[in-house]
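Here is the structure we will look at, set down as structure tokens.
Chain IDs A, B, C and D follow the sequence of writing; residue 1 opens each chain.
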Amino acid sequence: MICNLKHFGLGAAAAASLWAGSALAQEETIKVGVLHSLSGTMAISETTLKDAVLMMIDEQNKKGGVLGKKLEPVVVDPASDWPLFAEKARELVASDNVSVVFGCWTSVSRKSVLPVFEELNSILFYPVQYEGQESQRNVFYTGAAPNQQAIPAVDYLMNEEGVERWVLAGTDYVYPRTTNQILEAYLKMKGVAPEDIMINYTPFGHSDWQTIVSDIKAFGSAGKKTAVVSTINGDANVPFYKELANQGVSAEDIPVVAFSVGEEELAGLDTAPLVGHLAAWNYFMSVDTPENDEFIEKWHAFIKNDDRVTNDPMEATYIGFNMWVKAVEAAGTTETDAVLDNMIGVAVPNLTGGISSMGANHHITKPVLIGEIQDDGQIETVWETPGLVLGDEWSDYLPESKDLISDWRAPMSCGNFNVATGKCGGTAAN
Amino acid sequence: MASTSFIDRRLGVFLALLAVVTVGVPLANTALSPESGLHVPTYMLSLIGKYLCYALLAVALDLVWGYCGILSLGHGAFFALGGYAMGMHLMRQIGSRGAYGNPVLPDFMVFLGYEKLPWFWHGFDMFWFACLMVLLAPGLLAFVFGWFAFRSRVTGVYLSIITQAMTYALLLAFFRNEMGFGGNNGLTDFKDVLGFSLSSDGTRVTLFVLSALALGGGLLVGRWITMTKFGKVLVGVRDAESRTRFLGYRVEQFKLFVFTVSAMMAGVAGALYVPQVGIINPGEFSPANSIEIVIWVALGGRGTLVGAALGALIVVAAKSWLTSAFPDAWLYALGLMFILVTIFLPQGVLGLIEKLGRGRREQPEPEAVEAEA
Amino acid sequence: MRILLTLTVWFGLLLASAASAQSLEDLARQLPEGSFNDRAEVVAKIGATGDDRAVGLLNALGEGELRVREADGAVIQVKGRGSKAVGYDPLTGDELGPVGSGSTESIRVNNSLRRAVRAAIGLLTLSSPDAGKRLAAANTAFAAPDPEQIEALDTAIAKEGDAAVRTAMEQARAAAVLASDAPGAEKVAAIGIVARRGGTDALTVLNPYRGDADAPVAEAADKAIAGIERAQQLWNVGQNVWFGLSLGSVLLLAAVGLAITFGVMGVINMAHGELIMIGAYTTYVTQQVIRTSFPGLFDWSLLIAAPLAFLVAGAIGVAIERFIVRFLYGRALETLLATWGVSLILQQLVRTFFGPSNREVGNPSWMSGAFPLGGLSITWNRFYIVIFAVAIFVGLLLLLKRTLFGLQMRAVTQNRPMASEMGIRTARVDALTFGLGAGIAGLAGVALSQIDNVSPNLGQSYIIDSFLVVVFGGAGNLWGTFAAAFTLGVANKFMEPFVGAVLAKILILVFIILFIQKRPRGLFPTRGRAVEG
Amino acid sequence: MSDEVRGLKGTQLYLNDVHRSFDGYKAINGLSMVITEGELRAVVGPNGAGKTTMLDIITGKTRPDQGRVIWAEHTDLTKLDEASTARLGIGRKFQKPTVFETHTVEDNLMLSLAGDRGVKASLLFRIAKAQKARIDELLELVRLTSARHRLAGSLSHGQKQWLEIGMLLAQEPKLLLVDEPAAGMTDAETMRTAELLRDIAGKRSVVVIEHDMDFVRALDCKVTVLHRGAVLAEGSLDHVSANQEVIEVYLGR
């Protein structure tokens, strides 16, 4: 027994030294960490992003890599387990010595790894739309903030469809909560009466939507044009839309605009009864630009399946990756501080025909597209913002954050600067 | 059997190894230069610290399942409650360093529009109070739950399933943002504990050593409990509950006591776990997590305490390694491991080790666990 | 005769709009231009032309098939995608040959435009020879009341032969009258007609007149609304019962297989959820094959998939029993460990072969939509799932009570040694029993694929509920499982409107915990041999 | 306390008109019986006569639907659970020998020794000299001295039966309820068991349920015949075996 335990102990030590040793490996390649769940509940969405990063690395290596070195992906599976995200992030940065990490989907996984990136001073690109209210030195947010998705969508419904009554339906977690709070404040500011707003939260993976859909129908019978703003999370959407279709709620009567439903989610659905329901993103697969055509083609070649769709978080990954490459080339090194200095202001083409650039708040500029679901599972743009919109990390519509801004350029270098007090909130109290 | 010493061979070897790790790993981390082959990086140290917390949790479960036949599928709930108690203290310690700079309210409360601290958050700014709650919150839940369940003589799978229902209900409740525990995001962004920064190596090492000590302590407490007549009654309850009753023992009291002690132990494990991983969220309540604890114990060797700890270490270390080495296939390996161990190693890994170690020396079968829970 | 009448009507309409007469061709050319609101007006004008060809044009617009040819700016209809795209003249239907990608630009349609299209088509089809279409047109007119349509409706009512359609038309007319500036008395009468329709649609029409400036109208509206709401409250109870039964049937489906493997055999089968998932994926594969090879059979896909799912999941069940579970009899709790391992492997297998994302399983036409039952609207898919669940349950009962296999199965589970003495091949019975439970899980998967995600995670979302249902009902008792599923379903749905979905579920869990204290062996405890884990 | 009971001096156990049914099946149907202090009583009856249910009711495992069970003239047993009746001094041996299989023979007896049964007492328990001596004595009595350190699970069926009797005696009960003690024993063992039970009686009351008529004869005591949950006949073995109804019940069908 001693012998065996010793073996175990030795094995662990050997593994430890091996890991430690890999840190000293010759710097022939630049390592890129990929931190997306490949199993568990989030695998459904995140696996695609892992493949997207791998494709981008592949493409970059075909072009000769970065700074003359090949890129080497390091893929781990945090298994939709939030503490495991922190563990894996630490492993990627501290032991695999990756220069940058592309990863996370849920807010909680991002929150879980934030302290790791801060402490170890590394870089994370976060490619998913989120609730905002955050700006961190080591993180670049290439997904949409609420002002790049929710507010334009509501404006569209109000102006183009004459919606007067609102159902804010979401899964009970921080993104829907925050988004709905912002929207509620925004709608009230626009003169919508409180009784014309219905807010409903459901648990993750909710599958029985009978009651809620019938409530929505009842709410919509007040004689005013009604719309549903859905922040329902991934998995629960399929049964939700199936119930909507079967209970005969058509887009012409009560349109549903969703912020978390993209091509990937629709791939699991027969969309014929859903035609006309809306989605607000910064990218649709249907967008007709040469960049997008090329991207889709490469994606199909890479994944060896012509039926696979592309979606917004993939575009965000694409933008983030190209920005990183550009910043590294500008800095001439993958050293974190140098790359951070070169990131702000970096501009790369996005897939919708514009040029996205990185703001001082670590959020990017993107167009906002409103699209309607088609019967082939695609989303066709019906409206878009005339120009690009910069992500607003601290919402102007919430009393707590309206005075906060972030600017990571020297000399301010602050993620939560309070313009009212003139102090950087995070450190002022010390 | 009667002459078995308090620290038997099995426990002795394990404690000795634990002592080596407790001293060795921090030394290898701080004293050795990073270039040295034996250097343990800080992230490994925290990782092992986390494993030790899981091991303590496994010991807690083994105490009730291995010795008393109570298969709790809800032990993750006690672990999570301990974790939340500690997390709430760490949250209060952030003070005005949060994103909004609010000196009292944690960030998530600020943006959810809380005016003032909910009543159940009061007191957590004091470390001693938080420590008390680490024991009391899981202990009280276990006591109340057990008081009802054991008095009503809910046993076997019925008990297992309602413990699962308990943790599932708590999962859903903690997901609710109205509960005031941060909803799905849980509690994160901790800065320091008792004035020591959580990201400093010194604090890391201290937490590591504390976890190792807690595991050692948990094993000793477990050993003490199971060595006494009380422990023998527990085994009696496991093997022949009605006989124990007809001998005049109030089985429900025995179960209640050990269940509560075990829950507190799990709470301590949770409290040590949280500052090392930096997050506590409702995911810890998920029934799958609790099932995993059962698997650690079964895989290591049920009813041996040491085996439970060993099982936890093996499984979580395997998971850490496999998720990096084979991100697309690790579930096959883990699943296969569970199946093979169940079929071929009914006594768990510890049983195998001891069988191999026994080899030539013929020794009486140690506390065989054949009976059903 | 009818054709003649129709022609007269159209001719009349044509005359009515002659003032602003523009040819259909002109109007079609205007379709791509201007804002959505401008274009909606164009659509209305197209509807008002009464032109025969307008329906086709508008339908193509609504379907998103109209595109502008970049070369000459002509509006054409394009069918098919990519290289198979073929252009047609939207008015004549003449084929214009293949359309190269990038040579046309789509004419964007949004909901408001689609609404205008629907209204315009409604107007045009009010005199369609198909009664169903006329009814749909009347309902469209009702949902979007427009005073301009009163005349058209009057004409249509006058010649309508079908009583039901006429009623709908009259209601639509009343709704349009309400929206017009007709005198108060006429509006009060209209409110009466609309109120008779009842239901949510009527409420939608009536609600805006609650605070009407005209006091009698407001009063009549108030009264009518109160009446409808009172009726609806009653129906709400019925609706909750129905929702509850429907949720209960889902729980029953998920749990009934487990009632065999866990309840009867005592195997804590953590892979049960994955067996359900296998059933759902079998449905997916079946539909894929049908879609590519036998598209005509699509409506039969579920009926074809059901036996396949039973066999596939059943075979996997038999394999699990033969290779794993049979070594663990008498160690019930350890089956938890091994089957948990199986569940991880099955999940990952599906992820490897089918990918991690959702797969599309379509609803056959007979499972789409809803039918009214009094004031309730019952969705077909839920309706069939309830029937399916009960049918499986009854079938299972018959199998256990009436067949030799059922007899042998009961004999083996109740007294294995004696059954073996009597010449029953217990090993075979064990394998088949487990296979039966697994196969039923597969059947459940077929049904659940109609309402839920088909993804590798499908099983995980049902496993806990399944165990709760079986335990709540009393392990080993099929009727217990039946009663438990429907009790929990109905209770959940009655609580949900008051406390919300999350709290309702929490309360159900707390209720189960407390209930087990009262009855530690479940709703219908099995005497004698039961699961004694 | 009712008058009828008060009159019965020296009564250890008194069952009065006890009823209990399971799902409509009347397991016990108007059963009345008196066991006096120090009495040895054999209870016989065909399968399903309600013998085991009777023991369940006395020990508090099953609650009667109606009727009274009075212990030592003043305590109503129907309100108590198994642990409480055990603490009052009722020891029960099961039909199937039930010992702690993963404990040693010695530990089995140690756990059964009379004494404080509380949680705290168990945690702080240290075995006393007198208790050790008592264990030695009991081991001798049930002839398991040499098996002292063996796990009870490894004993033969007959040895388990005796170990269980030893555990019963270690409890120092006032009343022993013994369910088919001779099952699985050799003839010699059976006779020795009968002898042992006869010895125990006198100091303690003993109720023996048994099928084996030889064993009952060897007990040489008053016999109660149960049938359909009620007493059919009572008296010496010869007396009851002459009873026409008893003959019908046992032989008639």
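Here, a residue touches a chain if its C-beta (ideal position, glycine included) is under 8 Å from a C-beta of that chain, and two chains touch if they have at least 3 such contacts.
Please read all numbers here as calculations on a predicted model, not as lab measurements.
Student: Name the chain whose C-alpha centroid is most distant from the C-alpha centroid of chain C.
Tutor: D
Student: Once you find the CA centre of chain A and the CA centre of chain C, what distance in Å lies between them?
Tutor: A distance of 30 Å separates the two centres.
Student: Need the CA-centroid distance for the pair chain A / chain D, whole Å please.
Tutor: Each chain reduced to its C-alpha mean, chain A and chain D end up 72 Å apart.
Student: Taking each chain's centre as its mean C-alpha position, how far apart are chain B and chain D in Å?
Tutor: Taking the mean C-alpha position of each chain, the two centres sit 44 Å apart.
Student: Give the residues of chain C that touch two or more other chains, as numbers and ranges in rising order.
Tutor: In chain C, 347-348, 460, 502, 505 touch at least two other chains.
Student: Which residue numbers or ranges of chain B touch two or more of the other chains?
Tutor: 172, 175-176, 328, 331
Student: Residues of chain D touching 2+ other chains?
Tutor: Residues of chain D touching two or more partner chains: there are none.
Student: Between which chains is there touch?
Tutor: After working through each pair, the chains in contact turn out to be A-B, A-C, B-C, B-D.
Student: Where on chain B is chain A touching in the complex?
Tutor: 9-10, 13-14, 17, 20-21, 34-35, 37-44, 46-47, 50, 95-101, 103, 108, 110-113, 172, 175-177, 183-186, 188-190, 198-199, 277-279, 281, 283-284, 317, 320-321, 323-324, 327-328, 330-331, 353-354, 356-357
Student: What residues on chain C touch chain B, complex-wise?
Tutor: Residue list for chain C touching chain B: 268, 270, 324, 327-328, 330-338, 340-345, 347-348, 352, 460, 464, 467-468, 471, 475, 502-503, 505-506, 509-510, 512-514, 516-518, 520-522, 531-533.
Student: For the complex, which residues does chain B have touching chain C?
Tutor: Residues of chain B touching chain C: 71, 145, 148-149, 151-158, 160-162, 164-166, 168-169, 172-173, 175-176, 287-288, 291, 294-295, 298-299, 328-329, 331-332, 334-339, 341-343, 346, 372-373.
Student: Give every residue of chain B touching chain D within the complex, in rising order.
Tutor: Of all residues in chain B, those touching chain D are 1-2, 225, 228-230, 232-233, 235-236, 239-240, 242-251, 253-254, 257, 365, 367-371.
Student: Spell out the residues on chain C that touch chain A in their complex, using ranges where they run on.
Tutor: The contact residues of chain C facing chain A are 36-37, 63-64, 81, 102, 106, 108-112, 114-115, 118, 143, 200-201, 203-208, 239-240, 243, 246-247, 250, 347-348, 351, 355-360, 362-363, 368-370, 377, 379-382, 450-457, 460-461, 493, 496-497, 500-502, 505.
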